[in-house]
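Think of it as A, B, C and D in the order they're written, each chain with its own count starting at 1.
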Amino acid sequence: MIFLLILSFTISAKDTPDDAGGSITINVYNIPEGTEQIELYRLTKGDTLFEEVGLIPIFKGELDDATVTDGVLYLYKATALTPDTVYVAEIKEFASSSPEWFNKSRTSVLLFIALFWVVILVYIQLAKKNPEGLFIRKLPPLEAMDEAVGRATEMGKPVLYVPGIEYITDAGTLASITILAKVGRKVAEYETRIINPHFDPIVMTTAQETLKNAFSEAGRPDAFNKDDVFYLTSEQFGFAAGVDGIMLRERPGAIFLQGYFYAESLILAETGYSIGAIQIAGTNATTQLPFFVAACDYVLLGEEMFAASAYISKEPRLLGSIKGSDLAKSVLLVLIGVGVIFGTFAAIKNVAGNPVYMEIFDRILEFLARTAE
Amino acid sequence: MKFWQRFLNLDRKWIFLGIGLVVIIPLLFPLRLPVKPSKPVIDLFNRIDTLGVDNGVVWVVTDFDPGTMPELMPMTMSVLRHCLTKGTPVVLHGGLWPAYIGMAKMAMDNIAVEFPDKKIGEDYVFLGYIPGVTAVILAIGIDIETTFGTDYYGVPYDSLPMMEGVKNYEDISIIVDISGTRSPEYWLMYGQQRYGVDVGIGCTAVSAPSYYTFLQSGQFVGMMGGLKGAAEYEELMERYGYPTGRRPATVGMDAQSFGHLLIVVLVILGNIGYFIVRRGERKVGIERRKE
Amino acid sequence: MSISTSIWVWIAALLTLMIYSFLYKENPFYRLAEHIFMGLSIGYSVVILWYNYILPRIYEPLFFPPHQWSLIFPILIGMMTFGIFSEKYNWLIKYPLAVYVAGYAGVQIPLQLQTMILRQAEASFLTPDKFTSLFSSFNALLIFAGLVTTLIYFYFSAKREHGLGGASQVGIIFIMIAFGAAFGYTVMARISLLIGRMQFLLQDWLGIM
Amino acid sequence: MFIRRTLPILIAFCIGFAMLIQYFIPHPYSERFYDIVVQQWFITIYAFMFIFAYRSFFSHHIRKVKRRKTGYIFSIIAIASALLMAVGGFATRRGDFFDSLYNYLYAPLQATMFSLLAFFIASAAFRAFRARNVQATLLLVTAVIVMIGRVPLGDYLWRGMPDLIEWIMTVPSMAAMRGIRIGVGLGAVATAMKIILGVERTYMGGT
């Protein structure tokens, strides 16, 4: 306390780092006790009068003056008002602002992205060389898909494939289209029928192409009926009601609900259950997963959808990215694990009052905090 | 087993009727089960309650549409009433997306009726929709006047007495985002993280579970989750002697309780039936799927 | 309170009842209300699109000084969307999609990485302040275990053997608890919406509440 | 072939990469670039996609009316409602009449549509939500506890209920939610990267 009192009220000004210019950061230190407000003034080089900038929040002791012009020199002065005294602090040298070309506080994010990218590319190359070499574990819902199509065929019933109600920009919709190709090939092989209603016209055209190719690959291009892939409506409940109607009329033996769903998920899953179809769902919409888990026979949970589409296609690009994500997960696990070790360490040492460990620990936390910023 | 089989095939109209009744009857003949406020709601209430006149304005955002109105409108009204009664200046911002301005307008119209002596522009301000979503959140941190220009009714910003001296987040005490969307994350990322403004939220019960992460980390000041959260806020308003209107959320709580009870009973009965019937089928050797 | 005399409230009430008639069975009244709704939502979005996007963002900057002629580029790209109506030129739509989808992908990468991944991981570090009491220590460890096992559950490139299998078994327990909680909350939200509508019918329309 | 296949992928790469790099450059040029792309390009293209949806809507209903398909009268009503709302909005410049259409037609209809889910969820709870395995059982048990605990009835039955719910939400549920978020986030980042690199082309029809 005594130290604080004899340290005098000071101010510093510097170009705000990592910004687009037009801003100078002002800091005040050793704010006198009992200060009620701190006012900030500014003198532009060449002028004679100080103009008021505003109040510096006392608890922060920092203000970004965003009203400056790049390249112009300024002098700053702050006054701290206590009930009985006015303290004044002034900077010695002129300050100016300028824009930066690189945001240093984001370096670690850039590094993370670059690494992630390289890892994915490397894995894609590896997968191209040796597609069998990259292992992806089996996913039960995927295994069940062939069986479901088979069962529908046995019963002489069609297969219904609902691709969700998101646009083509969604990662889940993209995964759904890949899964559709797999289901389509099986359907063509078994010579049964696939019904594929759509919410979005653009997704519909993509699905049409995909199914056409799938039927050709299975050697039955003639069996593909373009009218079975159709646009229903882009109104959420209208779509749900329409698909419900199809379920009740056509009585499909297998239902695939794959893609991004919203509140209608429940209506679809319930009707599907009530007609006794095998239901295989998959969505990256975490809020809708509970309904699928409770009402469907098999569910691809969130990220499993992406893995499933990689597994199906055995395509290097997809396999590579799954491997990349897994590696990133391992890195995170290690990071969290290190955090735990140091956390525990620090917790123990903190009690013992060992400043060295606390120092190391703080450093690491600081780094991670910066990474996350 | 026959009974259960028939029971499981019960026409769903009866279930619909049941749900309708358990909601309507408690509304007409309320039991008034006590509502106990939870910590996230108390935190939000206290934060707003302890604000003085000169701590800055409360910034309420309506990021929802009619689909979630029953849950979120009572929250909006409570927070507005709370501020207006206390005399805390309050800004109503008509949402980050274009479709939500209708909700803000509705709340404004109610306020005009409930508080005839409070003046628009002096005691509260209504700002319209500005395109840009996250860009708007960032822009408020720089200068509110240039971001909005006028209020919803076209009155120039500098002619609004209440907004005199209100320049950016420094002059906003708390953002209360009432939202049926992902907007709380945006206010967090761009408002709280970048400019250090406090953020409290009101959200639907659907999204509440995923926001506990941010509550726990202290990034949100407080949270009202779903109709229950709204009722808890009304309860606190009542306890501290603030006007609560018709308390739409609290009134709905009995219906909510019994609605849940019925659904729980249905889940349990459905599963009992399922197991009894399935066991029976196994004995006779029928495979479930081909029934 | 008594029955409403406002024509608007009556219209709203009748439309509400028409929708609910669907619960009995699909019928012309429901279809009427449904189609009115579909039409209104299209009409509403046209108005909103015009006043909030096209007027301030496209029309005014293009036709009033200072003219932003650069806008012609995105307009041309946007018009390529119409290629989809022709069998021959449907590949044109690849251009607007390329700009839109890839552009958003670029914007999204750093944001996703920070808010969804790095920050979430950071919040999971066990810091000394999480061990203030026996209960909070227990919770901190449980959260840690839940997070780690959930991540392991979503680990695809190794067989589920030995420790991994056990860990992902634990992970699925946490996941199912989270789903259960989300399920409960969603039920709550849906019931609340119904209560809201019933309040409207009983209070604003009939005035018997 | 070039303009049909290669060029769109090149464009995707350039714009995606530029938008990514922009994040790390605070300079005004970079911010200006971001403004132009996000505020002008994205929004303009987005608006065209809307127009595309309008066209789908009108052509769908007009076709029905022309062919006198069953229920074509409803298509007339849908078109008329769309025109009513649009004309109402433009003629009054979003005035009181437009507000009333919104408050007393559009809002109640949307809210009621959503509230139908309350009925369906009840029916689904009875008919489809089965404890078919350990996972689903765990889900249903938690759901039942939360459903009872989050309403005043739960508090009435057992005073510790609200605390139990808070604990479930903030500890086990939150931990798993965080894990799922991280997983989905990584998946989204990986997909975005593949889109920029042009290895993910499904959105362009797979070619």
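Heads up, the rule we're going with is that a residue touches a chain if its C-beta (ideal position, glycine included) is under 8 Å from a C-beta of that chain, and two chains touch if they have at least 3 such contacts.
As the structure is a prediction and not an experimental result, all values here were calculated from the model.
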Next on the checklist: Spelling it out: a chain qualifies if it touches subunit B and also touches subunit D; which chains qualify?
Outcome noted: A, C
Checklist entry - Which pair wins on C-beta contacts, C-D or A-B? => result C-D
Checklist entry - Which chain would you call central, comparing Cα centres to the global Cα centre? => result C
Checklist outcome for this item: Whole-Å distance, C-alpha centre of subunit C to that of subunit D, is 4
Item to check | Between subunit B and subunit A, distance of the C-alpha-averaged centres to the nearest whole Å | outcome: 25
Checklist entry - When the centre of a chain is set as the mean of its C-alpha atoms, what distance in Å lies between subunit A and subunit D? => result 15
Checklist entry - Which subunit D residues sit where two or more other chains touch them? => result 20, 23-24, 38-39, 43, 52, 57, 102-103, 106, 108, 110-111, 113-119, 121, 123, 125, 127, 129-130, 135-136, 139-140, 143-144, 147, 150-151, 169-170, 173-174, 177-178, 180-184, 186, 188-189, 191, 193, 203, 205
Item to check | Where subunit B touches two or more other chains, by residue | outcome: 16, 19-20, 23, 67-70, 131, 205-206, 208-210, 213, 216, 226, 228, 256, 259-260, 263
Checklist outcome for this item: subunit A touches at least 2 other chains through residues 106, 109, 113, 168-169, 201-202, 205, 233, 237, 286-287, 290-291, 293-294, 301-303, 322, 328-329, 332, 373
Checklist entry - Which residues of subunit A touch subunit B in the complex? => result 57, 60, 66, 151, 276, 278, 286-287, 373
Item to check | For the subunit D and subunit B complex, residues of the former touching the latter | outcome: 38-39, 43, 99, 102-103, 106-108, 110-111, 113-115, 118-119, 121-123, 125-127, 129-131, 140, 143-144, 147-148, 150-156, 162, 166, 169-170, 173-174, 177-178, 181
Checklist entry - In their shared complex, at which residues does subunit B touch subunit A? => result 142, 170, 193, 196, 206-207, 210, 289, 291
Item to check | subunit A - residues contacting subunit C, complex | outcome: 106, 109, 112-113, 134-137, 168-169, 201-202, 205, 233, 235, 237-238, 241, 286-287, 289-291, 293-294, 301-304, 307, 322-323, 326, 328-330, 332-333, 335-337, 339-340, 343-344, 346-347, 350, 365, 368-369, 371-373
Next on the checklist: Help me check something: in the complex, which residues belonging to subunit A touch subunit D?
Outcome noted: 18-21, 99-103, 106, 109-110, 113, 116-117, 120-121, 124, 168-169, 171, 174, 177-178, 201-202, 205-206, 209-210, 213, 231, 233-234, 237, 263, 266-267, 269-270, 273-274, 284, 286, 290-291, 293-295, 297, 301-303, 306, 317, 321-322, 324-325, 328-329, 332
